[in-house]
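The structure that follows is given in the form of structure tokens.
Letters are used for the chains, namely A, B, C and D, taken in the order the chains are written, and counting of residues starts over at 1 for each.
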Amino acid sequence: MKSKGGTCLPFFSALHPMDFPTFLIQLLNSVQYGLLLFMLAAGLTLIFGIMGVVNLAHGSFYMLGAYLAYSLSAQLGSLTLALLVGALLSVGFGLALEWLLFRHFYKRDHLDQVLLTFGLIYIFEELRSMIWGDDVHGVAIPALLGESIPLTANLSYPVYRLFMSAVCVALALGLYLLISKTRLGMKIRAGAFNRDMAEALGINIKLIHAIVFAIGVGLAAVAGMIAAPVSSVYPNMGSQVLIMCFVVVVIGGIGSVRGALISALLVGLVDTFGKVLLPSVSGMLVYMLMAAVLLWKPEGLFKQ
Amino acid sequence: MSTPTANLEVFPRSVRLVLWLGLAALAAFPFAGSDFYVQMVTRMMILAIFAMSLDLLQGVSGLVSLGHAAYFGLAGYALAFLMPQNEAASLWLTLPLSVLASGLAALVIGFFVVRTHGIYFIMVTMAFAQMVFFLFFDNKALGGSDGLYINFKPTVNLGGWTLMDLDNKKTLYFFTLAAMLLVYGFLRRLLWSPFGRALAGIRVNEHRMRALGFGTFGYKLTAFSLAGALAGLAGYLWGVQTGYINPELMGFHMSAHAIMMVILGGMGNFAGAIVGAFGFEVVLHLFKDLPQVGSVQLGKHWQLWMGSFIVLVVIFAPRGLLGLADRLGRHKGAADE
Amino acid sequence: MSEVLLTATGLTKRFGGLAAVNNVSLTLWRDRIHAVIGPNGAGKSTLANLLSGDLPPTDGQVMLCGADITGWTPERISRQGLGRSYQKTNIFQAFTVWDNVRLAAQSRQPQQPWNPLSWLLTASKSIATNDRATRAIELSGLKDRRVAMAGAISHGEQRQLEIAMTLATEPQVLLLDEPLAGMGVAEAQRMVELLLKLKADHAILLVEHDMDAVFALADHLTVMVNGQVIASGTPEAIRGNADVQAAYLGEEHA
Amino acid sequence: MNSTPTTRRLVLTRSAAVIGAASSGLLLPELAKAQSGKLRVGLMLPYTGTFAQLGVAIENGVRLAINEQGGKLGGREIEYFKVDDESEPSKGIENANKLVQRDKVDVLIGTVHSGVQMGIHKVARDSGVLCLIPNAGVHMATRAQCAPNVFRTSFSNSQPTRALGAAMVAKGHKRAVWITWKYAAGDEAFEGFKEGYLAAGGTIIKELGLPFPNVEFQALLTEIAALKPDAVACFFAGGASAKFMIDYAAAGLKDKIPLYGSGFLTEGMLDAAGPAAEGVMTTLHYGDSIETPRNKAFRLEYAKAYKMQPDVYAVQGYDTGLLLVHGANAVKGDLNNKAVLYKAMETVTIDSPRGKWTMSKSHNPIQDIYLRVVQNKENKVIGVAAKALADSGAGCKMG
């Protein structure tokens, strides 16, 4: 895909070799990006799989988290504190939203859900601009996480990114335990499997749904808050991650948290190495991956 | 997912009346409106064609494509590449080729996507559209992120002699109007054809259709390609009118807006798509032109109004404006008796 | 003097470990009703799905009207001459009764969606289709419900509609999955008469719970338990069969 | 969620009202267009989305310059018309026509986004309306597609980066890696950098690009580390440029491999990027700390008027205003006197906060490009990287 003038990136610039340490570091980058994607996608896939709601506004929750981190850490003077408060706020926000709108849409057509949440994107964007303005903001990294670990002569790895990965792993584990080990998880699975049956068993499906939705929103917001210090906080930051989230969820198989994890890592891998090895098509690679997977398994890697 | 409700396929008198009035208004408009509004309505009609093409999938066949803009944009690009830098090419050449390009793209992509169902279908169509988007966005050879100019309007000659001059805004207006009516007539026809009935059956209960012996894959693929080609017609007209095409025409928002237009008007009867396209555009312009009230510039917050409007429509008028008109028509009827 | 229309040999379907249908063989004759009975979860519906192509068999073979249809898609099998009704009413709720049947009848017209000329025809004006639909609807006794919404008619009528749609495809073999399920006495009676009427020129496989109906109708019975055939033969033979009484009738009559 | 007949009726009447209002709303401006003696100034700028604050800064600048003239142009009262272009290229033509055809503006000022500029430019060329570009640096506007009625007061995408090369080589950084987004602006910025850097005797050992607006830089930073260049030059703008600097620093590259860039890397990003931006060197046609009375006066006046500090975008808007004022005065406010108007604007010397600049034959500023370094959250100007730098204007038939 060479083109006259402008950037003409060699189609396969990997022809010059990548030394082993660099390769390892790229691997690390892939995993780290993948984990962040997972945290975002997990909430989406839960809401998808259990309530069957297509939520285009999920990116807005990510943005909400980032902006919360910005204001709260300024107010409270500590990101950790901001994280806790922000998480609570966003969960509360999720509950309110579920009660006000979403619970009326579980039984509705996917189409209506797409439309509703698309409308919400508009609303959230405008509210964001009214509340926080349109400037770009930064969120300071907590001092004790500010260091970097030297890896090679001139490259070092920021501790904070490791911290992010750690949080993501922790959340992944937490989710796994919650869903497969706890009573609540049992009920959630029952609800996802067959809501009538679950109701017959005397499970308060309404409550379950509310909780799951709130968790989903919370996850997205936390992802936003965790990412804020490295991503900085700016308008429309939600819409950019949204599509990537959907790709992850769909590749993984809607509703499967495990699938989301695997596919997030996969996407991280493809995106990272794509940029280095196939720069000229890196924009399309992830979507090619998704298309390929769905042609092979029309319902994603881990169909529920 | 809810069980699909019956589409409003046959119009009650009230709705038919509204449509005829609308048509009359459209025919008369150029003699009233200024150039700007003539162009604006032309654009709305182009979007109406685009929306109708999507309705064939979304409303009739129950295939919600979140990537329909790809085929809209492709035809525009086809026109841009077919149009020489310093002379005008003929419509007889560029129109069929552009529409064909979109149709073929839809055929190829459709071959993969119509295998998937429900939300997966929504997502895969989106994914393929994104691929097309980035293909053009990332490659300077294809115009890159800034897009391409189309320096001339195609010529419409018969023999030695010019049929019409599309540079004339009114001419282009009526040309587009004709195209829109043609597409509408064609799709209405198709709706009642065995093909159309089969698509409706697929929307309501594909599994049963297969058990009855329908090769649904062929039906869906044909519908997908046909819709792509018609979207291409719209995209071609867009390119002719604006003379400038860019990747955003294939973007996520373009696709989402089309979905919205179809729902806003009412699905599965094509008239709804037209009403929706006009409604959506008018409302958007209205919100953006809202006046200053006190210290607040209402227009500045158009996103808020637009978003709320969409949410309200989904909640109160899931069957769209025509659906509403129909419902109220019936209420009236009941009251009269 | 009747002919064999469908033979299944060694049909097996495994989901992961367990075999929902295990090495089942049966033969369907024109002019005979062959009933498959068995307790819930015996694999009756799975068997039906294997025959109609809704599920591909793990093992075994199915011959329909002289063709090996093993692994065919449902639509192809349907066009080969097998018509099926579903246990869980499976109709086009959003259409009228007539449109349901007409659409079913349309499936027997040449199908060429990609042919632009076919886009300009009017479906409801196809004489061949309408005749087929009319016959089916009259046969199934829904004549005066044509204009009703399929979603709105009584359960019994919906079961009839299921049959009507199946008949509209003019099948050789009828595969009826619990056509009597949830019917009132009168409705059931009408259905039984209908089946006897159809028997004349169809081979019928009847998956049914209603014992009285089964013994009244069936010429041949196959009893399934846990995916396996434990007995097969005439109603009399089955009545006398000890295993069957143990495994099934006992529980049923208790 | 089933709605009662009453709500349905409500909604119908409501939507009916909407449509009605809409149609009337559509015709209103038409009526309002009774040809007043006022000079109609159209502002087509982003007021929503990523570039919203740029739009505001530019409008402020324009108004400031015009208010200095008592809010008049060539003695004529003026009326402003605003359109939010949403930075949405697919609506560029439509929005430009709103101003040109509906509001019949005498001058169209816009915009920020290059893609949208393409649309405006098309309309400007077709309608011949005077068009002033306060930011978008897309090359074609003052090159192949240049037009007598289109003037740019900001920069061409390759202008700031063209000045980078000399400065970098002067610092002994002869082997550089270039990184940017793969989109038109990035390509054009690279063109400038390449010419300048090669001319100065540097070599570009690798050119990295990632899809717009992807902000996952880690992979490429790793590659940069492996390549071990003397320096890195980049073009990024908007929110993501802060992230780039943060990531660059966090990867420990900042102290090992100096980071250079087009000035847009740091404009308005210093709070967001914090310490990560310290020491980053950029070239731009403006710097907040230019030590001239002119700049000081401007900054004071702007701060007074709008209760905020001006940035480069405000300056560009301000200069757009100055240019318009100059032109309008030359024709006593009769903007239809095009020959005189254009002549005046072509021969103008704008006494701008960024320093005096003149108009090139292709209507792009011939201006000094400053070398700036970030010191305690400020773009400190440490010299002139290139004097009176002009864009090539390649392919422009004018003049």
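The rule is short, and it goes like this: a residue touches a chain if its C-beta (ideal position, glycine included) is under 8 Å from a C-beta of that chain, and two chains touch if they have at least 3 such contacts.
Just so you know, these numbers come straight off a predicted model, no measurement behind them.
Seen from the Cα centre of subunit B, the chain whose own Cα centre is farthest off is C.
For the pair subunit B and subunit D, the distance between mean C-alpha positions equals 34 Å. A separation of 48 Å divides the Cα centre of subunit A from that of subunit C.
Each chain gets one centre point, the mean of its Cα atoms, and the points for subunit C and subunit D are 71 Å apart. Residues of subunit B in contact with at least two other chains: 4, 134, 137-138, 140, 144, 303, 315. Each of the following residues of subunit D touches two or more other chains: 1, 48, 182, 184, 187, 211.
Across the assembly, subunit A contributes residues 5-7, 104, 108, 125-126, 129, 283 that each touch 2 or more other chains.
Checking each pair of chains for touch leaves A-B, A-D, B-C, B-D.
Considering their complex, residues 1, 48-50, 52-53, 56, 180, 182, 184, 186-188, 190-191, 207-211, 213-216, 218-223, 225-226, 228, 238-240, 242-243, 246-247, 250-253, 256-257, 268-269, 271-274 of subunit D touch subunit A. Note for the complex: subunit B touches subunit A at residues 1-2, 4, 58, 64, 66, 112, 115-120, 122-124, 126-128, 130-131, 134-135, 137-141, 144, 252, 256, 259-260, 263, 301, 303-304, 306-311, 313-315, 318.
Residues 34-37, 39-40, 43, 134, 137-138, 140, 144-147, 149, 242-244, 246-249, 251, 253-254, 279, 282-283, 285-286, 288-289, 299-300, 302-303, 312, 315-317, 321, 324-325, 327-328, 331 of subunit B are the ones that touch subunit D when the two sit in their complex.
The residues of subunit C lying in touch with subunit B in their complex are 52, 54, 73-76, 78-79, 84, 86, 90-95, 99, 102-104, 106-109, 111, 113-114, 118-124, 126, 129, 149, 151, 165, 169. Those residues of subunit D that touch subunit B in the complex are listed here as 1, 3, 5, 7-12, 15, 18-19, 21-23, 25-27, 29-30, 47-48, 83-84, 88-90, 92-94, 97-98, 101-102, 114-115, 118-119, 122, 138, 140, 145, 182-185, 187, 211-212.
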